[in-house]
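Sending over a structure as structure tokens; questions will come in a sec.
Chain IDs A, B, C, D and E follow the sequence of writing; residue 1 opens each chain.
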Amino acid sequence: MNNTLIILLPLLGFFINGVWHLIASSKGKKVSPFASGTIATLAMAGSFALALTQFLKLRAMPVESRLIEETLFQWMKLGGLSVDFALRFDSLSAVFTLVITGVGTLIHLYSVGYMSDEENIAKYFSYLNFFCFMMLNLVLGATLPHVFLGWEGVGLASYLLIGFWYKEMPNVLAGQKAFIMNRIGDLGFLIAMFIGFKFAGTLDLLEIQKAVLSPHVVTVFGLLIFFACTGKSAQIPLFTWLPDAMAGPTPVSALIHAATMVTSGIYLLARLNPIIAASDIVLSTIAIVGGLTALVAAIIACFQSDLKKVLAYSTVSQLGFMFMACGVGAFQVGVFHVMTHAFFKALLFLAAGSVIHALHGEQNIFEMGGLRKKLPLTFITFTAGWAAILGLPPFSGFFSKDEIIYETLVSHHGNKIIFGLAIISAALTAFYMTRLYLLVFFGNARMDKKKFDHAHESPWVMGAPLAVLATLSLVGGWFGAPVSLDHGAAEVSEISPHLIMFVSVVIATLGAGLAFFKYSKNTKVEKTTDVFGIDRIYGVAFGRGLQKLSSGAAKYVEEWVVQRIIQVSAALVDLSGNMIKVLQVGSAQAYLMMIVLAVVAIFAWFFLGAGIYGNF
Amino acid sequence: MITLEPWMMLVVSMIIFCIGLLGVILRKNLLIMLMCVELMLNGVNLSFVAFSKMHQILDGHLTVLFVMTVAAAESAVGLGLVIALFRNLRTVDSDQIQMLRD
Amino acid sequence: METSSSLSFLLTLPLIGVLIAWVMPKAVQRLYAIFGSALILALTVYETSGLLFAKSADLAKTFVVDQKLSWVPEIGFSLSLRLDSVSAWFVVLNTLVALVAFSLRGVWYRKYPRLFTSFGFFLVFALNAAFLSTDLITFYLAYEAVFIPMIFMVGIWGENQKAASVLRFFIMSFLGSILMLVSIFYLVYLNHEASGVYSAQITDLIHFTATQDPVKLCWPFMGFFAAFAIKVPLVPFHGWLKDVYTNAPMPGTIWMSGILSKLGVIGMIRFVLPLFPQTAAMHQGWLVTLAAISIVYAALLAIRSNDGKSLLAYSSISHLGFVMLGIFSLKSNGITAAILLSVGHTLVSALLFFLYHQVEERQAELNLESPHGLAPLYPVLFVSLFVSVLASVSLPGTLNFGGEFLVLLNAYPVSALCTILSGLGVILGAVYMLKFYQQLGLGSDAQKPTSSGVITKDIGAYDLVLVLMLLSVIVYGGLQPAMFLKGN
Amino acid sequence: MDFGLLAFSIFSTIAILGSIMVILKKSPVAAAFSLVLVFFAFAGLYALMGAHLVAALQILVYTGAIMVLFVFVIMLLSQDEPVNDLKESSGLFKGVSVLGILGLMGLLIRAVLTARGMVPTGTLTDEKIVSMGGNVRLISEGIFTDHVFHFELTSFLLLGAVVSTVALAKRKAVSGGSKA
Amino acid sequence: MIDHLDVMMPWALLSGGILITLLVSVIRVDTKRPAQISAVITLLATLISCLGLLQVPAETVFSGIVEISPLTHFILALFSAIGILFILGGDRYLNKEGLHLSDYYHLLLILILGASALTCSKDLVVTFISLEVMSLPAYTLTGFRRNDSRSNEAAIKYYILGGAIGAVFLLGTSFMFGATGSTNLNTIFTWSQSGHSDMVIFGMGHLLILIAFMFKVAAAPFHFWKPDVYEGAPTPVTGIMATVVTTAAFVTLVRLIHIVDFNNPSWATYAVTVKHVIRWMAALSLIVGSAVIITQKNLKRMLAYSSISHTGYLLLGVLGSLGKGEEIQSVMIYLFGYTLMTSGIFALMSQSEPKADTGIELIDLTGLMKRSPIQTMLWSIFFFSMAGMPFTVGFFTKYFVFMSSIGSGETPLVVLAALCTVVSAYAYMRPIALMVMRDADPTAANWNSGFWSQIVAVAAAAGVVFLGVMPNAMIQYLKGIPLIH
């Protein structure tokens, strides 16, 4: 029952706020942000509480049977396929559920303050609740189609929230881009399901792991699943939507595009880890792609001037770290990083939101500076987040990131290349985060004087979540990954963990130092640089390409073939009619002549065919 | 020695029939066309009599009588039509009556 | 299986509806049409409830009704009707679509309203007859009879290019159906040769074709296929569709995309596959390819459409491609999924056209090239529209998802390549449907039109109830598709 | 060469040449007189075959009635001046027509030639006809016994022809008719 | 002869009626009404007496040259009914055109007499004479608009071609006579049953006869006269030709085809030849009819091409019946249905009042929906029926024809026919589109429904729809009629 309630509460919140919004807006009234936000936040808080009790219940169980399953109803049944609508709460789900509901509650709370001026506040909260509902479906679903339901559902919520300010078409288009790129990934998911059903005969998450599959199938299945993850979790090649997704409200970025939704790829891989880990090809693909993404995104982040975009690329990069972890078989480490990342990245986003809020929407970091005095709480909490993402001990990021770097080296599947990618990315992370940190909070105020004076600390509803998250960023890593996923875990290795720990801290410090060196004084305005031009290439390939294909289909196939065939056949009939009509000259004698010719033809035929007749 | 045989009449009748047909096709004067139709009928009449002779029966003769009657009636109507046409168009040229076409 | 006379009322009721339309005053035609079709809908649902809501396929079988009325016994014609779980759905949908179409306000209730209402009821009659009939000739008659009101509907109340488009529609459909007719005759004749009985009963003919060489049956198969491929339509037989969809009055469009296309679907399911199982299997390769091409090609065309109706028209082709894919998987599961999807498609396309009409009533010039930003003006309408769009892009949790998912799932073992190709259609579907919604609802700050005669209110209560009814079926079906999956 | 064959040759030559003249003569009157010639020749051929009644009627009906009618109409319509209308048609048309007719003629003659040596189905030899009262008597009997339906039908044909001719040749059309 | 008076009753009535009508019109020269009424009464009496004799078994009268059978009674009844329909339906047209002469009714009655004599003749000479009895009034009626050169022209063309073809028929008769020594169909059939060596002359004669009737039914390539004649003739006359003349010619054609015993093995090769000839003609008629019909703008010409394509369908039925006489009902049903819809169309057509004297053009139908919904409905019913849509008699007519020719292995031809149906369906839908979808053209004709013509049209439409829904009686009756032997 509790599992169900966990997902039902956000759904309830969604309905209440949604209907409220509709009624209010058709009557032209405004909804009180506080009331609406309270409903939404309470729904999430209730959900979180329930998740906690479930978690505790789970802890009380013996390790091998830690599973609370609730079947709501039979969803689809056709032939050999039987899909139940069931919710499974186990260790992996627990982590994600707690993160979603916990961080979610905080962000809901934060939104009450952040979005207080928003006209359609009830709509906003209903979307947020809807997102949480779908996300919980994703992590609690017991079957692949159920996961897919959540998978698409969060995509939808993401679409809605990115395009929340829909009067600006770019926002809408950013949402569309996210939705469609996710859908491209989803195709992988779908086909993976088809393959899974064809060869394993089931779509149940537990059963499919038990199924005996040929290595070939496993590889294809794993690659397709990973392809789906690249969409949802913004990995190469489908990562370009995430920076654009920053068009949405900042709390949304914090919740969806940093803490929860984008990590569902990790969830899926972790969930299916026996199958994923069964194929070396899949694992190394994941690791390489993850590493490359971490590196590329980090490089791009160094050249961004938009506060949120830096954080967005940072998210992509961090997600790359998580995939690296999965790719070397250390799924539990990846999940651990999901958790810590959720804390500190949400924190960073919320703090950034606080900055943006204070500056009335200013997002260019070269228009900021010197805000540490103006926004002390934001500054402190941001510092915590900064430290965490850099991996400075004892912040949470240190533990998870360090472990990832360690695993890339010592795991079965790890190797030096991946390790190198991880190290360089970590250094770059330190560089761009420090750059950001310095540009925002230190130096001179580079914005209008008036704006600077107007800047003020956020209200408590925004401050409190910041504080909580800052705490979590600090302590979140101390418990280690609360899950045990022992596939591909490191064995005893001659490389000491402490050495790696030392190396990673040094690397982070180096990166930070470099940034400090460059940006502590020199605040020359840098334009955003599209380093790799990937977005542009995609724009040409997908956007223009699709348009070209579509107009090509319309022009060359539809117009020149399909319609032309119809026209030509009509014209041919018409032409034959007109040609036959030529004989209709109007002269009786000509008609008679033609009759004679026909008669002669018939008789000739008669004689030819009748050569055997008679006696001649 | 060759004697007169009905098939010779048949050959003549066929020739006359075809000449009549050719006349209908080629002549433009409606009156001559009507005459050629009569020629065709005559040709057939001859063949009837010839066949009658061949079969040693008289049915063919009877038929010829009826055909003659029909021919008379038909040519009367035909001439009536030609007269009606002539009243309107002042012509008996078949080339002048090609308004209805297509 | 029971034999009863209860089926004929499904045919007589709409005919009575036609007659009453001429008694009713012109002013109340819409009201009459709505109440009439709602009443028929209620009775139809009541009559078919055993089949619709049966817990299991086996239980549903006990509700199958057969009825055979002698019609022209001299030549073996009979009015053979069969209500099973397939036809039950289509019959219900038929009346539902009629209700939706009747609910639209427009020129058809001002110009010759009685004619419109009676054409509508006649359509219900003819379609019911087509869906229920198990006699090929009767089916053909009903199938053709559908044209008659359709031609007039487009002709009388349609838009600019109506004459050319309706003629093209008629000629192409007629071409297909007459080829089918020749095939029917051919089969009937062959069966007569073999058994000495003139019968166009599907059961008799199935018995007969089962004994025949599948290669020999190739031509009749093609005849049937041509008819239904044009009707559905499958690419490249779709040349008639766009023009007539866009030029038809909205109720006509709803009828055509919602339920007329299902004639092709039921034809494939009821006649083509049972009659020519081996022949179809021989041709499966290109059949599946054709379905996949339809999906992707129509989606590509939809992307480029800047007219809402033609976009929806192409999307209709694309979605019906999935239905065809399921049918051509030639597996009973695939076919069941195709039925599920066609139920979904009917509901969604009826809903989309219905709502699009509502939008059109509020803003005359709807060009999808630029955003209109109407959503804030009519929030409820646009929320409904958005949900329908989501159902159309087959988001999980809607009926269409169940359909498309199960269709693809069952098509995958048949042809992985075609399934993947069809999967691309899912992506493209999102592209054009989002475009459709966004350009209508989002973007620029729109102002309410001030000119008189234009509706400026949000969606009306009655319309909303109707929309909610359809949406709830879609969502309920998305969560409980089992109800629709009782096999064929 | 016996008398029959000789007479046949003469009459048939006259008939064929006369018919050719019908279609070659420019003046309708000339054509009409050629036609009369043909009819006479035909009468001779009929007589050669013992069809005396037919021969007589040929003269009476064709020459006496029909041709008079033709000449009358020609005069009525003042169409007696020669017109070389054969020149008007295109050479192609003429060529194709002549070829077609020649082909037809060949085929027809080919067909009738197979009638040589045909087994008679009847028994009415010339002698027998004479013994039974002669050609005329037998034919007249036939008209009023076996062929009485032909006869009656022919009467309606004539009636129709009369009404037709009246209707067509009426000078004044009833304009407007009775607007009853 | 007297002992057959009972079965000859309709004939007696008809011939007597012709004479009475003549007398009446001579007595009352000033007005045409008496002739009209007398003609209607004559036809009505004929119709009733025919209906009373429908169940009388077949017998031959007049020493075997006339066969009276249920079929001939049915056809005479049909012709009488059509005659009444056209007298009533064409009344308005005749008044308008100034053609309201008593001669019209005489000629019409004689035409009907000739047509029905044609259908019951069992002798080739009688066939020839009745053909002429039918044709002469037809020529005259075609030229009945004496002051209209188009009408004259049509009549002359019809006459020239008809006369030449009459001679061709006679030549065929002569050949048959030459081959068998008789012109009686029964004798000829008996002759054909015993193998003979001199088949060339017989076959040639048979073919000539067939060609002559192919001309009369306007099968391509002998169809050229039809569009011209249809266009030039007064509208009700065109209607008579499309119904009475066509039906009589077709029935006779079928009868004459079957004077050869195709089941006799010695005729096997000849049967193939005939089959090929008919097959080609059917195909050509279908193609010509449906291809040219879509290029037509004149309604009457359109119907002429339509009737050419219908000839194609009918020939399909003939083909299906070749060698199996019992299958002929497909042709009969087709003729019956075709007659019904054609009568209706011509009744409607006589309601037009074109503004130009070029006859009724398609453009005259534009916007009819706005002007007269009832007429639009009637037109639509007839055109749908022409196209073979369901719930009209047109569907069943096609059904039987297609079935019977599929039954004789003519499937490719049936596919061709199906394709041609589609093409001509386009031509039939076009006027509907004009009526419904276009606004009236300023030059479009006025349409005034006369009382009688409207009644005729409605009755025909009701018949078309009723037989399209409930064809049982028609099928049952026409199935029971043996046409041959």
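Of note:
Just so we're on the same page, contacts are C-beta pairs under 8 Å (C-beta built on N, C-alpha and C of every residue); 3 or more make two chains touch, one makes a residue touch a chain.
As the structure is a computational prediction, the values presented were derived from the model and not from experiment.
Listed here as common contacts of chain A and chain D: B, E.
Chain centres here are means of the Cα atoms, and by that rule the chain farthest away from chain B is A. Counting contacting C-beta pairs between every two chains, the top pair is B-D. Taking the mean Cα position of each chain as its centre, A sits at the greatest distance from chain E.
Chain centroids computed from C-alpha atoms place C closest to the centre of all protein C-alpha atoms shown. With each centre defined as the average position of its C-alpha atoms, the distance from chain D to chain E rounds to 30 Å.
Inter-chain spacing, taken between the CA centroids of chain A and chain C, is 36 Å. Inter-chain spacing, taken between the CA centroids of chain B and chain D, is 5 Å. Residue numbers of chain B whose C-beta contacts span two or more other chains: 10, 17, 20-21, 24-26, 28, 33-34, 47, 50-52, 54-55, 57, 59, 62, 66, 70, 73-74, 77, 80-82, 84, 94-95, 97-102. Touching two or more other chains at once are residues 97, 101, 104, 107-108, 110, 112-115, 118, 120-122, 147, 150, 154, 157, 160-161, 164, 167-168 of chain D.
With touch defined as above, residues shared between interfaces to two or more other chains in chain E number as follows: 125, 129, 132, 136, 139-140, 143, 146-147, 156-157, 160, 164, 171, 175, 178, 181-182, 198, 200-201, 204, 227-228, 295. Chain pairs that touch one another, listed by label: A-B, A-C, A-D, A-E, B-D, B-E, C-E, D-E.
By the touch criterion given at the top, residues 10, 17, 20-21, 24, 30, 33-34, 37, 40-41, 43-44, 47-48, 50-52, 54-55, 57, 59-60, 62-63, 66-67, 70, 73-74, 77-78, 80-82, 84-85, 87-89, 94, 97-102 of chain B touch chain E in their complex.
Of all residues in chain C, those touching chain A in their complex are 168, 172, 235-236, 238-240, 297, 300-301, 303-304, 331-333, 336-337, 371, 373, 375-376, 379-380, 383, 390, 395-397, 402, 405-406, 408-410, 412-413, 416, 419-420, 423-424, 426-428, 430-431, 434-435, 438, 441-445, 458, 479-482, 485. Interface residues of chain E facing chain C in the complex, by the touch rule stated above, are 369, 373, 380, 384, 387, 389-391, 395, 399-400, 402-403, 406-407, 411, 414-415, 418-419, 421-422, 425-426, 429-430, 432-434, 436-438, 470-472, 475-476, 479. Of all residues in chain D, those touching chain E in their complex are 107-108, 110-112, 114-115, 118, 120-122, 145-150, 153-154, 156-157, 159-161, 163-164, 166-168, 170, 173-180.
Against chain A, the residues of chain B that register as touching in their complex are 21, 24-26, 28, 33, 94-95, 97-102.
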